[in-house]
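What follows is a group of structures, each given as C-alpha cells.
Note that chain A is present in both complexes that follow, paired respectively with chain B and with chain C.
Showing the complex of A and B:
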C-alpha cells in the first residue's frame, strides 16, 4: 500500500507534547497501582518509566527503519499481506479496547464525583462526540492542542502541590520500600501496561512527523515529562491523604478537595476535573485516530473519515457493557489487564526481531535511512 | 427510544453517504455500511435490554481460570 491516507504532518515538538499529554491522561489510572503498592507507588512510577523507555526506544527505531510507514504498513511488509493483515487486526484491536476502558473511566468519574443523578451514557456520548470531531479533523488538529494541555496540566499540578503543602505529612511515606518483590513486579507491570506502554500506539503517528530523526527523542522526552507529572501528582496525594489514598477511586481529586486556605481558596477539585477532561480527551483522540486510521488501512480505504462515527458508537456500546461497577474496573486494571495487554506489547518487539532477521527493509527498495 | 435511535442513524447516513457517493468511494461505502450496520444492531440490542456478552469477562475467564496468569 503506497498511497497515504493522512496528508497532514506534525512537528516533533508537537509529538513531544502529544506524548506528554497522553501519559498525563492516565493521572487517575494510577489508582490501580495504589491498591497494590500502597504508599510506595512513587517507586513504581520511576521503575515503570525505566522499563518503558527501552521498549519505546525499540518501537521508534522500528518506525525509523521503515520511514513513512505506520505500524499496519510495517507489519504488512514484514509478514506479508495475509499474516500482516491478521496481526494488524490484533494490533488495532488494542487502541480500540483502550478507548472503551478510558471512556468508561472518565464517565464513571463524572458520575461518581460530580453528577450523581445523570445517566452514565450522557457523558460517554458527549465525550466521544468531541473526540470524533477532533479525529475527523485529522492529526494536525489534535496535535495543535498538545502544548496548551501540557502547560495547563503542569501548572495546575504544581499549583495544587504548593497549596496543599500545609496538609502534607512527610511521615506518610514511611515505612519506605515496604513492598514485597511480587508487589513491586506487579506494580511496575501495571505502570508499564496502562499509562506508559500505551504510547506504543504512537507507532501509527510517528510517520507523520516532519523530521523523523527527532521523533525518537521527542517521544522519550514526552514520556519522561508525563511521568514526572504523574510523580508530582502521586507525591502530593500520598503526602496529603496518607493511607486513605489506597482505597479511593480518584485520590488526586480527594486530595485537592482538602485545600482550604482561609476559607477563601476552596473547592479546587474542579481544576483536577478540568485537567482530567482535557488530558483524557487527548488520550482518547490519539487512540481513536490510531484505530480509525488502522482499520482504514487494513481494508485498503482511501480515507478513514467515514469510519469515525461507527467507531464512536462501538466504543459507547462497549463502555456500557464492560463493567458493572467502578470497583470491578479497579480489579481488572490491577490484576487482569496488565497480563492480557502483553499480547499486544509483544507485537512491536516481535516485528522488530523478525525485521532484523529478514534484513528488512531491503536496500534496493530505496528506503534504507 | 427506538425511534430516536433510527433518527440518529439516519442523520449519520445523511452526513456521510452523499459525500462518499459523489467521490465514487465504493469500497469506503461498503466498509462504512458494514460497520454502521453492526453498530446499529449492537445498540438496538442494548436498547432492547438483551444481555450482550461482556468481552472483559471473557478475558478475565481466560486469564484467570484457564491460564492462571493473573496476579491476585
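Showing the complex of A and C:
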C-alpha cells in the first residue's frame, strides 16, 4: 500500500463546486458540437448529461468500494503491481493530454480575439504558471477557489442572458429536432467525451473528501449544475446568434458582443473572457493536480511537488505542437478526440467489471490506508 | 567544508555554553545574611547609574535593626515608598518602644508594611529584576531573603482617543503604553472570571512583559497551546513593540498579507476575544495583537456593529468595492487604454483619446509616475510636523494635479484614476501595505499583458489568499471554505439578534452567541406580549 501523499481533505460541498466549475470550463468547447448538431445543441447537452450520470455514478461507486484509494491505487489492487502500474500510466496520460488541449484552446482564444500580435507561447506560459502555483498549494486551495469561480460564472452567465433578451429570437430554435440519428449520437458522444466524461479524473480526488458517503451525490450534482450552466449559455447563444453560431469558434464571445443597452452597457465580452479564464483555470488545475499526484503515486514518490514544474514544461511544449491552427482543433474535437478518448473511458468501466469478477475488495476491512 | 562547518557550529555551541554558565552563576547568587555584603554586590551590579536610590536606615527598638531600601527613581512611586514603607518602619511607636518584637521577616511583612503586593526574593538576580521593573526592595540585616514591594508607578500617557481607528459612534478610549492599564481596560469590558491572563517575559535584554488574554471555554485550547509554543520559541534580544512579536509568530512571513491583526481599541479587542480569538498584549505599545486573523477582518469596523444594520451593510460593501478599486483601478485603466480600446464605449473613447493627446508617455509610465508621486506625498504627510503638512497637500494638489495636466505631461483621466485609487486606499486602512504593493504588481501585469495579465494576477492573488492560514484558520474563511452561517457578517452585517453563532473557523467550541428569537417586536394589539 502506498503512503498517502496528499494530507489535505476537502468537504463534499467543495467537491460539488469543483465539479461544477470543471464542467463550466467547457463553455467554449461546446463549439465542437455546434458543427455537428447546429441549433439543436441544447438537446445533446441534456442527452449527454443523461449518458454521463450513470457512468459517473459507476466511477464513484468504484471509488467508494475502495475507500481511501484513488484510481492509481485501485488499479494496482485490481490488476496487480505491474499491469496496474502500466494501466495507471495510460490513465494518467489522459489528464495530461487534456491539459495540453485546454491550454492550447485558451491560448488560441486570447490570441484570436484579443491579442492578435502576441505570440501564443506567452499565454501558455503565464497561464500554466498560475495553475502550477495552485497545484503546488494543494487540493485544499484549489477546492477553496472552486466555489468562487462557480458563483462568478453563474452570475455573469445569467446577467448576460438577461442583457441579451432584446437580441433573442425564439424562431432561431426552429425547426426543432432537425437531427439525424447519427448526428444525435455523435453529438451526445462529443458531450460525453469532452466536457462531461472528463469528470472521471475526480477518481483521483474523491478519496480526499472528508465524508465519502456524500461524494457521490456531490459529484452528480456538480455535473448537473455545470450542465445547467452550459444549457443557459447555449440557449443564449443560439437565440441571439441564430445560424451564425454554427460557424464561429467562440459563439458565446460573439453573442455577448451584441449587448448594447442605451450605448452604455456595451462590449461585455471581456466578462466572457474572464469567466473562461477562471473556469478553465479550475479545470486545468484539477487535471494537472491529478496527473502530478498520479505520477508521484505510480513511481512511489513521497510528494508530487517536484513534478509540478516538469509537467508544466511538457504540457506547454505539447500544446505548442499539437495543432497547427484553431480550426484543426475544432475538427479534432468533433471527430477524432471523442473516439480516441474512449480508450481512457474504458479503464474505470473495465476496472469495475474486473473488480466485481475478482470479488474485490476482499477482506480489506481494517487495512485502510 | 563540512568539517569546517562542524567546527564553526561546535565553537558557537561552546561560546553559548560559556555565556549560559555565566548567566546561570549570577542568577544562582543567593543573598547573604550580611546587609553590607548584599548592598555592595548590588551596587556593583548597577555600577555608576545614578537613578538607583539606596536608602539605608536603622529601625526597631533603639535602632537595633539595619535595613536598606533600593529602588529606581522614576520607575517606583517615591511617595508610596516614603509613606508606606520607610515611615512605618522608622516611626512606628510599637516597635520603637520595644512593645512589639520584630524578629522574623514574616513579622515585618505582616505587621509593618502597609503595601498591597509583597513578595520574597532570595537571589540577587530577582532583586535586580524587581528593581528594574519598578519595585522597591527591602533588605534587612540578618535575613537571607529580601522583600520585593510592588511600588510600580511611573509617568504614563493617560487613556486617550486612539489616533488610528477613529469612530463617530462608539467608545473613545484607546489602549496605552502600560500593560496593566490595557489589561484593566479589557477586564472592564468582559467581567468574567474565565477571562484568563497568561504573563510572559520575552527578550533576553529588555525582558518585556507580554501577556496573552483569552476567554476560557470559548477559545480553542489548541489555539492557546499554539500561541504559547510560538511565543516561547522567540529568543531575541529585544521586544520594542508588538510588531516584533508579530513578525516572530506569523504564519506567512513571506506574504504581503498580515496574518496577525492589531487594534488600538479595547472594544474591538474585547469583541474579538468574545468571538474566540486570543489577544497578545505587549508592554510599551498601545497596539494589541489578536489571532487568528481572517481576511474579512480588514473590512469589519467596530462601528458596523454599533450602528443599525442597513447602512452598515452598505458601507461594508463599499469597503469591498474600494479595496477592488484601490488595487485594480490604475491597472484596468492602463489595460483598457493600451490593449482593449475596443471595449470602451465610443463616446468615452473619444473623450479619453482627446485628453491623452499630446501626452508623451505610455499610459503605464504615466500611471507609475502618478502613483509614486502619491506615495511620496503620503509618506511626507505622515512624517512632517503637523503645521507643515498642509503645505504638502497644497503643493501636491496644485503642482502635481493641476500643473502636470496643464503642461500636458499627464492626462487628466489619469489624475482622476489615481486620485480615486488614493482615496479608496484609506477606506481599508488595515491593508494599506498590501494594497500599495499589489497596485504596482497589477499595474505591471496590465502594462505588459493587458486584461489577460490582470485576470491572471487576480487568480494568482486568489490562490495565494486561499492557501494562507492564520493559526489554523483558513484566511479566506468564511468565503472559502464557505460557511453559510457566517455569511451574516461578510458582505452584509446582519442585525445583532440574527447573528446567533460565533465564526465557524474560530469560535466553534462554544458556538452559541445568543438565544434566538431576540428580534424586538412591539406588543400585539390584543395586549399579549409577543415574547
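FYI, the second predicted complex is superposed on the first by the 362 of 369 C-alpha atoms of A that agree within 3 Å, B and C clash if a C-alpha of one lies under 4 Å from a C-alpha of the other, contacts with A are read in each partner's own complex, and residues count from 1 in each chain.
Operating definition for what follows: a residue touches a chain if its C-beta (ideal position, glycine included) is under 8 Å from a C-beta of that chain, and two chains touch if they have at least 3 such contacts.
Predicted, not measured: the structure shown is a model, and the values here were computed from it.
Aligning the shared chain A places chain B and chain C next to each other free of steric conflict. In the superposition on chain A, A:159 makes contact with neither chain B nor chain C.
In the superposed model, A:266 makes contact with chain C only, not with chain B. Shared-chain residue A:122: touches chain C; no touch with chain B.
In the superposed pair of complexes, A:110 makes contact with chain C only, with no contact to chain B. When the shared chain is aligned, chain C comes close enough to touch A:14, but chain B does not. Contacts of A:321 after superposition on the shared chain: chain B is touched, whereas chain C is not. By the touch criterion defined above, A:43 reaches neither chain B nor chain C. The least CA distance from chain B to chain C in the superposed model is 14 Å.
Comparing the two complexes, no residue of chain A contacts chain B in one case and chain C in the other. Residue ranges on chain B touching chain A, taken from their complex, read 12, 15-16, 20, 25, 27-29, 31-32, 35-36, 38-39, 42-43, 46, 52, 54-56, 59-60, 63-64, 69-72. Interface residues of chain C facing chain A in the complex, by the touch rule stated above, are 339-340, 342-347, 449-453, 455-456, 459-460, 462-464, 466-467, 474, 476, 479-482. Residues 36, 97, 182, 186, 295-296, 299-303, 306-307, 309-311, 313-314, 316-318, 320-323, 332, 334-336, 338-340 of chain A are the ones touching chain B in the complex. Note for the complex: chain A touches chain C at residues 11, 13-14, 110, 114-115, 118, 122-123, 126-127, 130, 133-134, 137-138, 140-141, 143-145, 147-148, 263-264, 266-267, 269-270, 273-274, 277-278, 281.
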